[in-house]
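Here is the structure we will look at.
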Amino acid sequence: MSITYLEAIREAQARALADDPRVFIYGQDVGAFGGAFKATKNLANEYPGRVIDAPISEDAMIGMAVGAAVEGMRPIIEMQFADFSTVGFNQIVNQAATLHWRTRVSCPIVVRLPSGGTSGSGPFHSQSMEALYAQYPGLVVMTPATVEDAYSMLLEAVAIDDPVIFCEHKYLYYHLKADRLPTEALPTGKAAIARTGRDLSIVAYSAMVHEALAVAEELSGEGWEIEVVDLRSVKPLDTDTVMASVARTGRLLAVGESWPWGGVTAEVVARVASEGFNLLDAPPQRLNAKDTPIPYHPNLWTVHRPTARSIAAAARQLLRS
Amino acid sequence: MVLGRVLDEKFATLYRAGKIHGGVFLGRGQEALSVAVGMQLQPGDVYAPLIRDQAGRLAFGETVLDAARTYMGSALGPMRGRDGNVHRGRPKAGYIPMISHLGSNIAVVNGALLAKRMKGQNGVVGAACIGEGATSTGAFHESLNQAAIECLPLVLVVANNQFAYSTPASRQFACEALVDKAPGYGVTGHSVVGNDLVQCLAVLRGAIDAARNGGGPQFVEATLLRLCGHGEHDDAGYISQEHKDSPLGRDCLKIAEEQLLKAGVADSDTVRQWRNEVVLEVDDAIAKVQREPAPDPYQEDWCALASRHLQETHSHLED
Amino acid sequence: MVLGRVLDEKFATLYRAGKIHGGVFLGRGQEALSVAVGMQLQPGDVYAPLIRDQAGRLAFGETVLDAARTYMGSALGPMRGRDGNVHRGRPKAGYIPMISHLGSNIAVVNGALLAKRMKGQNGVVGAACIGEGATSTGAFHESLNQAAIECLPLVLVVANNQFAYSTPASRQFACEALVDKAPGYGVTGHSVVGNDLVQCLAVLRGAIDAARNGGGPQFVEATLLRLCGHGEHDDAGYISQEHKDSPLGRDCLKIAEEQLLKAGVADSDTVRQWRNEVVLEVDDAIAKVQREPAPDPYQEDWCALASRHLQETHSHLED
Amino acid sequence: MSITYLEAIREAQARALADDPRVFIYGQDVGAFGGAFKATKNLANEYPGRVIDAPISEDAMIGMAVGAAVEGMRPIIEMQFADFSTVGFNQIVNQAATLHWRTRVSCPIVVRLPSGGTSGSGPFHSQSMEALYAQYPGLVVMTPATVEDAYSMLLEAVAIDDPVIFCEHKYLYYHLKADRLPTEALPTGKAAIARTGRDLSIVAYSAMVHEALAVAEELSGEGWEIEVVDLRSVKPLDTDTVMASVARTGRLLAVGESWPWGGVTAEVVARVASEGFNLLDAPPQRLNAKDTPIPYHPNLWTVHRPTARSIAAAARQLLRS
């Protein structure tokens, strides 16, 4: 048997629906059609009345989820693409994220964001929005990089009593396969060491973990041992694991698929610089996408975002410094 | 209704005395409408009032203490000083605390109603209150449409008080009456003169009953005039004398009193006595709350998450 | 209209051959409506088409080359490979390039119309095209209302093709007809059978003239059926046979041909000849574009700002 | 004569309207009423037809501005509070910010955001959104800290051919006064040295500049010379001036009024750590607001955001390290 990242997301939702009557799914085309990416395939059939087609109303979709959560439900909202969450932004950051702090009533909703770039998708179907949501208090932001995490973290997301922004990467949907679904997982908030090494820590998340792993493999041929840290969730961000890795390697390269101003790489580098300054043998470095909208043409796109090639170049430079 | 007015007036007095942090927003002139909504809801119903709904909140079951504590920033209030003035509620009691972004609370009511239906709780309604200005928001549109698609028992009450802050209705919409929007959503529309208590009670009763009995969303436009500034910082100089002299400018409290007298439900002594009673009640509550502790920042846990273990602790410096 | 269809078909063929990056979205079944909008606009007017408006775009003046270059990602196209497929336009020619977020382009048309009025350019109109699914967005509501308040010469054309991706209209709105929304905005409403060219021309002519002559925003609901998938990746299995067999399921091109023949404007040979001509035109354009350079990332300036000196240069690493 | 920060904003708009027929103002209550804060007082009167009341439709307000800009106008949009820009967010980051890159047609709009905390304003009337907008490519984000900058930068903002997010601080509206309007100014993108020093660089912007200056004054009594860098605009962010300051002092404290995850302080610390690692004599530090919504009660609010008191404590700690 082999299961893709996308199938894992479907399976996690099937299991959540099966295990907990409070769970329901709401999103455009998620019902009979099974979702734009088929992440809810057959679920409307298997769980009648609990997988509901939404109108093209992202603001009201999130607002609805918050109201249902107040009444004890645990809704999963599918955004058709992460990019469209900008029109539901207010309800996420001001309604969902503040509810518990203001009222002590928890707001257990999951917002699934099909995220990140794929070839030919262009400026409005490729965005990575984890850092926008991570800035706001009151949200948990997950960025699974593996089939196993896609499954177990989505189940975790449903179980958590807070709004969870679940950034699933569209590039990994079909590209990534595993033999079976996991039976156990790291707790939320814990980063994973995706590969151990002693010369350099590459801290990444989501699709960039795989680019980083490819670099580690490539550079192992040149005698370098590169450690790859998979953040798993960017909020909370597991500073301890990052710091422990940098303590071992003395060198840090933070890699993110999103834009260069702010974002996860800034937060990672800033934390390590503040709290682990003396662990560093060389200036910590960052690699991000370019500071323009995400281009449509594959020629441009592959240069716009970090790839194994550009990460390897950055890593070599840093290893030599 | 009288209690709402008296409590509002008290907040205004406290505001002028500099005893309230932030703004004070009154429902003056809108109490008849507000109370007609609040008092006709039942336990198990959902209520999302807005800034001018002191009367309705009390009628729905909010205590004077909850209101006073929130306005005065008492640590013992439902918002514990974290949020203030009109931003209060008790979600588990169906009383939705507004966020400021206009129109945003309607979909929350929809969600609560959908959940109740999923849980098999029928015969409930949800009332969401907004001003005519909020009908210009995308949130209003998306959520009313959503309620219509799901055939939810939503009663959407629009207090068309002619102004959104300083902006006259003519700069807010171009339809003849807001109730003309109802057919475009496939929902039932109702119009009511908003400063007439008897009318408000009747029309809201009709709308609430219709929603409760499966008639789907009900859209109510109440026409009235705000008899105060947008907030107590605002003298509302932009409201013309003509407006004030029109029938809409009549105080709903006066109209209600006349109606009571005429119907023989009460005489003017009784009405005066009611007022005296609520003045005492309000004074007592305020006096009590003024002695209560303000929130202590060093007792505050500064945790935005229900899952405390997931809250980040910033060992990098933080105030 | 024929050109639109033929060009669309070509893109579909190229897509199936794996020669197009990203999606392909067709206007099949909607050409009559689309062309009726595009061809009745004039220089100086504003046009914001959507994904199914190949026919209208060409009628408005877009060249086959612009369309082909954008779909094929040529560096010489108006979007230079930065954006693709239906995301193209020439803003300075009044041709607004859509962003994906549905409903967002209507307010952009409003802004262009307001600016024209401020500059004293009268007698212009702006047409914005959307599907029935987009009427559920807050952006649709805010911008139609905005146009009504400002009494702008906006013609908002809704192609109600019964589906938004897989979602049937019954899950998108609950009103009887979308045109019922018009009175709620204080704008004029028009209905038209969207696969009937003659009707489309007449109704759009009426709406466009009314807007041009100061009649304020015009809302047009065209009823039709999408005769293809949402995109070429979609087999539209969710569209029932019943739908396809209904009058809406008739191909607007067929109907138009019959109308032409009946009116004696053309005989079937002429029509066949038109088709052959445009096939050649399209083939030529595609052949040309296929030889054109793709964008070169190392020539790209990676500058999102018009003020180049304000673009940040990241000396911290960047791909 | 004395002029407040708020009056400077009004004067800049008056001057822009006077000088350039392409300028108009659009916002809720900006017309006869003169705006919620009176930043457009009398302007509707003085420039008939060019100061226009908007409905409560933030999405359409921004969309309208973009369309007008395409037609050659230079609209200024007033958001009643920065916080409400979340409902116009999509039009800002996806419509306005991408236009030039996609089409080569520039989009000269200014979005004025009355920003930041004031006592009693609570979670929805106090937010600082500069870092959200700075993340997106295609935007310029200004954060003036002085009366002079409020005036000259707003005029600059109108002149610039790109969308400018103008974060004006409500706390400074009445608190800050100057003797006269400036006749010259630093160019956009240049940070200012608000106070020179040699022991520590505090990098701040907007209202926090004044808290930092108070700390510098206070600590000068203890013999410390603290340099205060006023970023002026957070995008572009003037890394050179920051780096030059750190080169002089060897110590960095970045202070921001917004939340601790990401944001300006992360970007500043990350840049200095990456590019100026060897300039640092001690780990660079950050000070931000707490990671909860912004509290209503003044007792909570004054502890939630950084103040001279907490900045001084952080500075002392850093000076001793």
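Letters are used for the chains, namely A, B, C and D, taken in the order the chains are written, and counting of residues starts over at 1 for each.
Note that in this section a residue touches a chain if its C-beta (ideal position, glycine included) is under 8 Å from a C-beta of that chain, and two chains touch if they have at least 3 such contacts.
The model shown is predicted, which means the values in this text are computed figures rather than measured ones.
If you take subunit A and subunit C together, the chains in touch with both are B, D. Graph distance from subunit A to subunit D, where chains that touch are one step apart, equals 1. Using the average of C-alpha coordinates as each chain's centre, C ends up farthest from subunit D.
For the pair subunit B and subunit C, the distance between mean C-alpha positions equals 43 Å. The geometric centre of subunit B is 34 Å away from that of subunit D, both derived from CA atoms.
Subunit A and subunit B have Cα centroids lying 39 Å from one another. Under the contact definition stated at the top, the residues of subunit C that touch 2 or more other chains are 79, 82-83, 87, 99-101, 136-139, 142, 145, 149, 171-173, 303-304, 311-312, 316-317. Residues of subunit D in contact with two or more other chains: 55, 57, 59, 83, 86-87, 90, 94, 97-98, 101-102, 123-124, 137-138, 235, 237, 261, 270, 274-275, 285-286, 290-293.
Taken as a contact graph, with one node per protein chain and an edge wherever two chains touch, the assembly is complete, since every chain touches every other chain. Within the complex, the subunit B residues that touch subunit C are 136-142, 145, 148-149, 151, 170-176, 180-187, 216. For subunit C in complex with subunit D, the residues that touch the partner chain are 46, 78-79, 82-83, 87, 89-92, 96-97, 99-101, 104-116, 118-119, 138-139, 142-143, 145-146, 149, 303-307, 309-312, 315-317. Those residues of subunit B whose C-beta lies close enough to touch subunit D in the complex are 20-23, 73, 79, 81-85, 87, 99-103, 133-134, 136-139, 164-167, 171-173, 238, 294-298, 300, 302-304, 311-312, 314, 316-319. The touching residues of subunit D, when paired with subunit A in their complex, are 59, 83, 86-87, 89-90, 93-94, 97-98, 101-102, 123-124, 131-132, 134-138, 235, 237, 258-259, 261-267, 269-270, 272-275, 277-278, 280, 282-286, 290-293. The part of subunit A that touches subunit B in the complex is made up of residues 24, 49-50, 54-55, 57-73, 75, 87, 90-91, 94-95, 97-103, 105-108, 137-138, 140, 160-162, 188-189, 235-237, 239, 270-271, 274-275.
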